[in-house]
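Look for chain A in each of the two complexes below; its partner is chain B in the first and chain C in the second.
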Partner chain A sequence: MLDFDYSFLAEVLVGGLLSGVMYSLVAIGFVLIYKTSGVLNFAQGAMLLFAALTFVSLVERGAPFALALLITFAIMVALGMAIERVVLRPLVNKPPITLFMATLGLSYVIEGAAQLAWGTQVHGLDLGIDDTPFEVAGILISKFDLFAAAVAATMVAFLTAFFRYTRIGLAFRAVADDQFAAFAVGLKLPRIWATVWAAAGAVALVAGLLWGARLGVQFSLSLVVLKALPVLVLGGFDSILGAIVAGLLIGATEKLAEVYIGPFFGGGIESWFAYLVALAFLLVRPAGLFGQKIVERA
Partner chain B sequence: MSTAVFDRAETKSWRVPSWIGPIAVLAVAYGVMPFIGGAYIFEAILTPFLALSLAAVGLNLLTGYAGQLSLGSAAFMAVGAYAAYNFNLRIHELPLIFSIALGGLSASAIGIAFGLPSLRLRGFYLAVSTLAAQFFVQWALTKFGWFSNNNASGVIDAPPLSILGVSFDDPVGRYLFALTVVTVLTALSYRLVNTQTGHNFIAVRDNELAARVIGIPILKTKLLAFGISSFIIGVAGALWAFAYLRTVEPAGFNLDRSFEILFIIIIGGLASIRGAFFGAALIVVFPLILSRVGSLLLGGHFDSGVLDMSQRIVLGSLIIVFLIAEPDGLTALWDRLTKGFSRTSRQQPQ
Partner chain C sequence: MSQGEIQLVVDRLEAVYNHAIVALHGVSLTIRRGEILALLGANGAGKSTTLKSISNLLQAERGQITRGSIHFEGIDVLRTRPSDLVRHGLVQVLEGRHCFRALNVEENLVTGGLGRGSSRVEIVQDLERVYSIFPGLKAKRRETSGLTSGGEQQMTAIGRALMSRPRLLVLDEPSMGLAPLIIRDIFRKLKSLNESEGLSILLAEQNSTVALQYADRATVLENGVAVLEGAAEVLRNRDDVRAFYLGERTVSDEGSVSADRAVDNPRAFETIA
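Presenting the complex of A and B:
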């Protein structure tokens, strides 16, 4: 490699960072729920699929964009609250692994229900943002990626403000800090959990629309959860900032590895490379980048 | 997770000795089934049931007993199957049973390698790291032609099943072959969980700090759990490939298969050897029942797509219902049922 192509490197890097934002979008939904209820919600991917599929099906049946968005939002909030009521509440105080396995079952139910209701064919989703690249300082950047990044930034800003300045946000933080203490001072835990699940449903809607526009709305959409897991591991399950930073890191290293290391192995390494990065990092810092020091004691 | 591990017969009341059950099941499996079952029963139900049960026994040792959640079982099955295939292919005159054992040992080595992070990671972090095994193994088997003897899509064909010149190449033979392997490994597993090592597994699961304090070598115990569990799962993979499907590709050992095995032990009962068999029976039989019932009720509307989706919904709901209502799974249900019977039979003479 005598004449190393730096502008190409920069392009790959920027592309990777922007695709990392997409991973972060999914990861934030996980963090919300993990932070307040200690559940690693594997069904987040299924919720994402459900949201995107519902939205697309409504639009295809002639609903205007805004109305479809509103209806889907309402359905996702209802779904989130129903999950909390039916699945999670009977399992309160069970070991985290049990809760995780319950969400694994839940993801099967939601995936099956979504496709039973709306069919299994692939839908195109057009958000009105064209995926054409344009040039900034000699680097090609996709307009869609920039839009996704802007949406992610807005969402994070909104969530941060919500957690910091509202009364219910304060309650969220109290519960995240110490469930029993929060309960003791009279916070209504079930109501807070229901709100969090509703919020996670809304986040799934946003992520689902962006991913759906990128990949097409189909079953494989629920597999983005597998892209988000290494991000979560790297960033720590309970940190929104961690989800963002880790998403960027994973996105960038994944793209760089794919371009510069991948050819030596015949390509296709992106299915596991992110996991390798996350694992290697964990062996040095078991709590992730921004995770709380004590991850799990038993 | 469950703590009920031992079921010892009560001393005073009259009860069937605990060894009668397994012996009776084996007697039926060896003595009756081969004569009454048709080829379909063996090929579509009994052989996959045996392979899945064995995989579930393996995962149960790791997840149910030692408390280390693994989402990579299918990867270890794949390693077992492909390694057994290659040992059989490349070492001439190696008896098939040794190939399968070596396949299990290869899975064991890979399992220990991916279990190493368990020394520093717990819970979800470890579960995610086992996902790395899942994706890496599947990628490697597809990418490197050597593993599948340069088949373009990574497909391998099973060698003929024979031991000491006796051929097992008909449906009943393959069933008996699988049955024997499963019986031996299950008996060993049952023995294992009642030894000090098995007790160490449980101690590490229930309270790692306390286990360390009373002098249990945590590192060794965890790696042993990964090694033994992966060996059994690897042999199960070889059975799945050689005795059941005969032709397998890496995509057959995907994440859904891993989840399936995890579901088996949840439904059957964590930390229960019998539970693996109960759960596997349900997982194998219930899609068949569902398709029959579905087409009976809905007629032509019940196509394969609808079947697939309703299967997912019912399976997912079953998991949730079991976790909420019966965390110890079908084993606990079974025990309650049989205990009820024995109590009524005790009361009757009065």
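Presenting the complex of A and C:
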């Protein structure tokens, strides 16, 4: 590698990191619910599709952008709370696999409902951000990716402040730490779960709009959950910070692997390389980078 | 409610885990307002199950009450959510303390206030009160709870329960894993809360020596049944009781305990015979 192109490397790296942010967005929705109720919500992808589809359909029917956003937000919050009330609460204290199966079934119900309500055709989603790349220090950066990163950063800052400085945030952390103790202390777990599901609905909306704008709003949008799984394995299922860092790592690794290792395999490794990384990581550190550190004095 | 009035009644309680494993077959006990009742018994006697039933926490551990009833100040406990029981003044400090390990000491205490639904002002007042009872906690208020000592964690757990302004404090094995001096310190604090504020206390203990020293009365469980009940003072001096039910080798050289020593409690006599 006599004349290695460093600016190309930087460009691939930045592009990878920014696309990783998109994975983090999806993963955060999982983390919120897993942390407080121990449920791996497979329906997060379907919620994301539902949000994007609802928003696009409203806009196509002539609703102004802001109004459509507001209505979709309200619907997603309501959907999240309804899922908690109707599906999860009756299953409290059931084994994790039962809860997982319930969310798996739920994801198909939501997908079906979304298509029943809004049809099956593919929609374009324009958030009004033109995706012309611009140049910083010789590196081309996508404007859209940068916007997505800014949105993700804002959302994480908001969530962090919420958990750190509000009463319900403290209750949330208590439940995440020790559910039985939180129950005994008198915290109202159903109310906390409902809030968390509502928050997950809102996160699904943000992720759905960004992913929808990128891929088009269609059935396969719900499959981005599969992209979040390696991020969760790497970052730990119960850490928001982990979801961010792992999203960035997966994004960057994927792109670098595609560009530098891909040619040896005839290309196309980007779609599965993340799983390979996750698998390798499971063997070394099953709890993930930031997964539940048990804080206890020996 | 005046002093001495009956506050909690547990009546012939039967409980099973997973619909199969019987944990209690008939536990009855009563607590009067302002008294300390010790619930004694060996490992597996049913102390924890009884206490969890009293806070209606059993279903969270896949247990069910199959018969019997529990009433706290006229409230049907088994039909009341744990969060509502806390609001009514019945709070439990769980076995093994169960502090929120990733939260700092003060945050742990505040959750107790949240459980009661206290206002911000009430929480600030109650924090000061808990810190005046356990001054050691104030110095550690910003430390991660999981990194504090066992004694500090027990104080945090008790302080967290006090934040919800209980009228009946239920403690499951508060002495577990703690050094004798710390146990004495904690029990003295509990006793002084009991004397100064009339706080009723129900505590399950394997350490019967300590429990009988501070309790007014005691109920002894064996294999899920309440086998005897009496004034702590009396039980303290009955070596036979401690030898038979609490697994302590305190029987003197007289050999086997004669039946007449147990005869003043027919149920105890039956079990021994």
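Just so we're on the same page, the second predicted complex is superposed on the first by the 291 of 298 C-alpha atoms of A that agree within 3 Å, B and C clash if a C-alpha of one lies under 4 Å from a C-alpha of the other, contacts with A are read in each partner's own complex, and residues count from 1 in each chain.
What we mean here is this: contacts are C-beta pairs under 8 Å (C-beta built on N, C-alpha and C of every residue); 3 or more make two chains touch, one makes a residue touch a chain.
Everything numeric here is computed off the predicted structure, so don't read it as measured data.
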Partner chain(s) touched by A:Gly112 [first = chain B, second = chain C, both, neither]: first
First, second, both or neither for A:Asn93, with chain B first and chain C second: second
Partner chain in contact with A:Leu170 - chain B first, chain C second, else both or neither: second
Which of chain B and chain C A:Leu282 touches, first, second, both or neither: first
Touched partner set for A:Leu187, first chain B, second chain C, both or neither: second
Superposed model, chain A: greater residue contact from chain B or chain C: B
First, second, both or neither for A:Glu60, with chain B first and chain C second: neither
On chain A, the residue positions that both chain B and chain C contact, one per complex: 295-297
Chain B partner contacts - residues on chain A that touch it in the complex: 40, 87, 90-91, 94-98, 100-102, 104-113, 115-116, 120, 226, 229-230, 232-233, 237, 265-266, 268-269, 271-272, 275-276, 278-279, 282-283, 286, 295-298
Chain A residues touching chain C - in the complex, by the definition given at the top: 93, 167, 170-171, 173-174, 177-178, 180-189, 294-297
In the complex, chain B residues that touch chain A: 1, 67, 69, 117, 120-125, 127-129, 131-132, 135-136, 138-139, 142-143, 206-209, 255, 259, 262-263, 266, 305-306, 309-313, 315-320, 323-324, 327
Chain C residues touching chain A - in the complex, by the definition given at the top: 55, 57, 59-62, 82-83, 85-87, 91-92, 94, 98-103, 107, 110-112, 114-116, 144-149, 160-161, 164
